[in-house]
Amino acid sequence: MSDIKVKTAPVQGVNGGSASHLLEIENLHVEFRTRDGVAKVINGVSYHVDAGETLAVLGESGSGKSVTAQTIMGILDTPPGFVTGGSIRFRGKDLLTMGKDERRLVRGEGIAMVFQDALSALNPVFTVGFQIAELFRKRRGMSRADGYKRATELLDLVKIPAAKARLRDFPHQFSGGMRQRVMIAMALALDPEVLIADEPTTALDVTVQAQIMDLLAEIRRDRNMGMILITHDLGVVADVADRIAVMYAGRIVEQADVHNLYGKPCHPYTLALLDSLPRLDLKGQELNTIKGLPPNLLRVPSGCAFHPRCQMARDICSTQRPALIELGGVRSSACHFAEELYGRE
Amino acid sequence: MSEVILEVRDLVKHFPIRQGIVFKRTIGQIKAVDGVSLDLHKGETLGIVGESGCGKSTLAKLLMNLEKPTSGEVRYQGRDVLRLNPADQRRLRRNIQLVMQDPYTSLNPRMTVGDIVGEPFEIHPEVAPKGERRRKVQELLDVVGLNPEHINRYPHQFSGGQRQRIGIARALALKPEVIVCDEPVSALDVSIQAQVMNLLDQLQNEFNLSYIFIAHDLSVVRHIADRVGVMYLGKMVEVGTDDDIYIRPTHPYTQALLSAVPVPDPTARQRKAVIRLEGDVPSPANPPSGCRFRTRCWKAQEICATEPPLLQIRPTSGHPSACHFAQERDVVHAG
Amino acid sequence: MSSPEVATPTAEAAPMPVTPAVVESAPKKDKPRSLWTDAWYELRRKPLFVISAIMITIFVLMAAFPSLFSSVDPQAADLNRSLTPPDFGSWFQFGKQGQFGFDLQGKDIYARTIYGARASIVVGLSAVLGNMLLGGTFGILSGYLGGWTDTLLARFGDIFLGLPFVLGALVILSTFAPVQDSPSALRITSLVIMTFIALGWPSFARIMRAAVLSTKQLDYVHAAQALGARPGRVIFRHVLPNAIAPMVVVGTITLGGYIGAEATLSFLGVGLREPVVSWGIMIGDGRNYMETAPYIMAFPAAFLAIAVLSFVMLGDAVRDALDPKLR
């Protein structure tokens, strides 16, 4: 699955962009203007996703991974958040320059999103059936009865037992895992081509997490959707992703396909992150740690943002910001010593 | 093995479900902890794992005497903690301390770090005379890797990992023997998690502490625990050394749990045994009869519905396992 | 509260829910900064707060030292000057009279308006403080102890809460101080204050109870209990300081409301009455001369409106500062 160039989006009214990717983010900049100053939350992030593949965006809190997703969906809180540059092209059309109405159509039908906290993402005062049926009525002009029928099908699709009966339940009457399934059903309602899953299983137990990840993978396969999985969990990523983009302080520091990234990380941050992870299958002694704290986005360190925490840091790192260097294939790394790391045994 | 310092016997905690406004009727019981026994040896780390609703956090509260158990005993150095007079209980509190999950809610936002870490001394003034307290607090901050000069700062001026260190310093203040850690790293970022776990390791060696380490993250527990207990719906289903649990698990639930943990290694995708449990954990208000896991278990037979399996060593399991059909199965395939 | 520089308030207060990293970062300054200090910084930068605080300071000064503002005796009546219109020429000239005109009995309206502030501030402030004390105590007891204490206090409070405020006050006041009576200034003032407290404490108790209930669930309260802290310590060190903010906010806003309510009752004749000087009484006096001498009513009414508004605005500002999440 890592060979992404082969797979192009299913031809279905491709307008504009020729050999473009299904969803392509280029040089995106977002800042938060706060009382305390301007926090550069995203500083030139570029990634793309094609039909049928899973891109994992990996990062710790504050790395900008969720803000990128919010910007794609157009649900960034403005203020304080402002897009200050870049483009987000879906099927070749830039979402950022498109009119409000057009963009709303893309939301749901083109790109849909699954959130971490299903309880707060669903409206507590309406039944689940009503919320899904309403979507069909509003966006597809269906009758109420047809809407409910489609809602039943969707709940069936996400494997909620006794789907028809459960349409009458309110969100709080579902367990955490089931609620997440409901949200996935809602995201799928309008047949999106790209699904963004923002920490979809962080709030769930491991056994339920496994079920949900299986479900997402299955749906992605069946519908040939592109999926962006946003997470901090290196384990989940290893299980489902095709390609990975690692983010730190609002930049992508490393991009690679899944096997290469875990097999031979080419950025000190990725390397350190993998080393600091307790493993189920290994009983280690002391864990390697990354010293210090994630940077304050109001005062991002000069040069490479990771340099104060980096074990490999040299003088150049504090003065010069490393660019994302291509390392052959789909991999790239933003480190002055990337080639050194790439060349090692 | 070294001496047992904390013994728990048949601990039960049922929360009544009440209805009504003025006259409340009890209409049911949530069986949060339902007959848990365990031993904690001096200097060891006992990991308790389980999913949400299994009762592990209630267990922590019971051990800390923050909740009164419905029945059962907690014995510290042979004395029943729950039947001590108030003065003895307060003295005993000094020896068992708690580190909590959420570094954002576990520190009083209106107190300075010095006041927070020094509060144990105010509650137990006999431990340190007034004049020495400030110095002691600074020592503690130093021990957990914080700058002692930050004594006058407030919690919101620290990051999550640093706050967790403050919580640990507070727990260390009275020189306890046992620390109950309730999900101490689950709210932290990966890079910070390792720092806090290493700190806990190092403090254990330094002060000969015994930990009860409660977590839902099996990898974290694997790293830190000497022995592990697996809980499901208020019951302990399997107990053993970490290798017993992680390499030779015999209870189907433990096996399913382990197989569900994603391993940060894409090559493990093919290698790993995949056991997918169906559905969710049943409500603790109305647990299944017999074995509580039977509704999600692929091995369930008639006997499982009628006879609750005892947590004991079985012919097919070298360590205590509460399954009628206990069978060793390596699902992790440790390298 | 001294004024260290305001350059870098904590990131925590910044409205940035999606970027916890900003919160994660350790601040650069070594100044200890409590949440109250933060609230104070926050407040000082708000025009709403500054304006209302200035207004309130002026009103409080009027109440405490009315002679600073007017050298005229508010009770001195001279029928020769009855219903003299305002003399705008004498504005901003201390010692002169008649800036706001004279009422029916020839009393100086300006002096009376100034002296009227005292009744409003005293009644409002004492009633709110009493409410906080009584309601707050009951609220803490209900919230912290729970069980039967809670049920009993809640039902008891509901009885008072069920009474419409004005009706309740009318009933109480007309029973203890019938309209035809003329009680002493002290007696009638304390009666009005006690009426407000009797009718007001249940709402304060409810707010406090809710705040205590949510605070006592928090981990740091459990942490203190786990250390062996006694209930008194838990309540005063951990619960109360963290649960008091909502009551402070409501108290400030209610203060404005009480000043208005005091005027309403005085206007109706059951509240404050002569010899007390109060805006409500003045408005009541002026109602028959609305057309011929509108100034009798206009000036005290304007002061009343500004005072009420100032307190409500202050309450809003304080709420924003204490709880940034509500913004």
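First chain written, first letter: the chains are A, B and C, and each begins at residue 1.
The rule is simple: contacts are C-beta pairs under 8 Å (C-beta built on N, C-alpha and C of every residue); 3 or more make two chains touch, one makes a residue touch a chain.
Predicted, not measured: the structure shown is a model, and the values here were computed from it.
Trainee: Taking each chain's centre as the mean of its C-alpha atoms, which one ends up farthest from the centre of chain A?
Mentor: C
Trainee: Once you count every C-beta pair in contact for both, which comes out on top, B-C or A-B?
Mentor: Contact tally favours A-B.
Trainee: In angstrom, rounded to a whole number, how far apart do the mean CA points of chain A and chain C lie?
Mentor: Averaging C-alpha atoms per chain gives centres 50 Å apart.
Trainee: Taking the mean of the C-alpha atoms as each chain's centre, how many Å separate chain B from chain C?
Mentor: 49
Trainee: Roughly how many whole angstrom separate the Cα centroids of chain A and chain B?
Mentor: Chain centroid spacing, chain A to chain B, equals 32 Å.
Trainee: Which residues does chain A have that touch at least 2 chains other than itself?
Mentor: Counting only residues that touch two or more other chains, chain A contributes 60-61, 293-294.
Trainee: Residues touching two or more other chains, restricted to chain C: which are they?
Mentor: 24-26 - these are the residues of chain C that touch more than one other chain.
Trainee: At least two partner chains per residue is the criterion; list those residues in chain B.
Mentor: Where chain B meets two or more other chains at a single residue, that happens at 159, 162.
Trainee: Quick check: in the complex, which residue numbers of chain B touch chain C?
Mentor: Checking each residue of chain B against chain C gives 22, 61, 64-66, 89-90, 93-94, 97-98, 100-102, 105-112, 119-120, 123-124, 149-150, 152-154, 156-160, 162, 167, 170, 174.
Trainee: Under the stated contact criterion, what part of chain A meets chain B in this complex?
Mentor: Touch list, chain A to chain B: 60-61, 161, 175-178, 205-211, 213-214, 232-239, 241, 258-259, 262-263, 272-274, 276-284, 286-291, 293-294, 309.
Trainee: Okay, in this complex, where on chain B does chain A touch?
Mentor: Those in contact with chain A are residues 51-52, 159, 161-162, 189-195, 197-198, 201, 216-220, 222-224, 242-243, 246, 256-269, 276-281, 332-335.
Trainee: Which part of chain C faces chain B closely enough to touch in the complex?
Mentor: Residue positions touching the partner: 10, 12, 23-27, 30, 32-36, 151, 155, 218-220, 222-230, 233, 237-238, 241-242.
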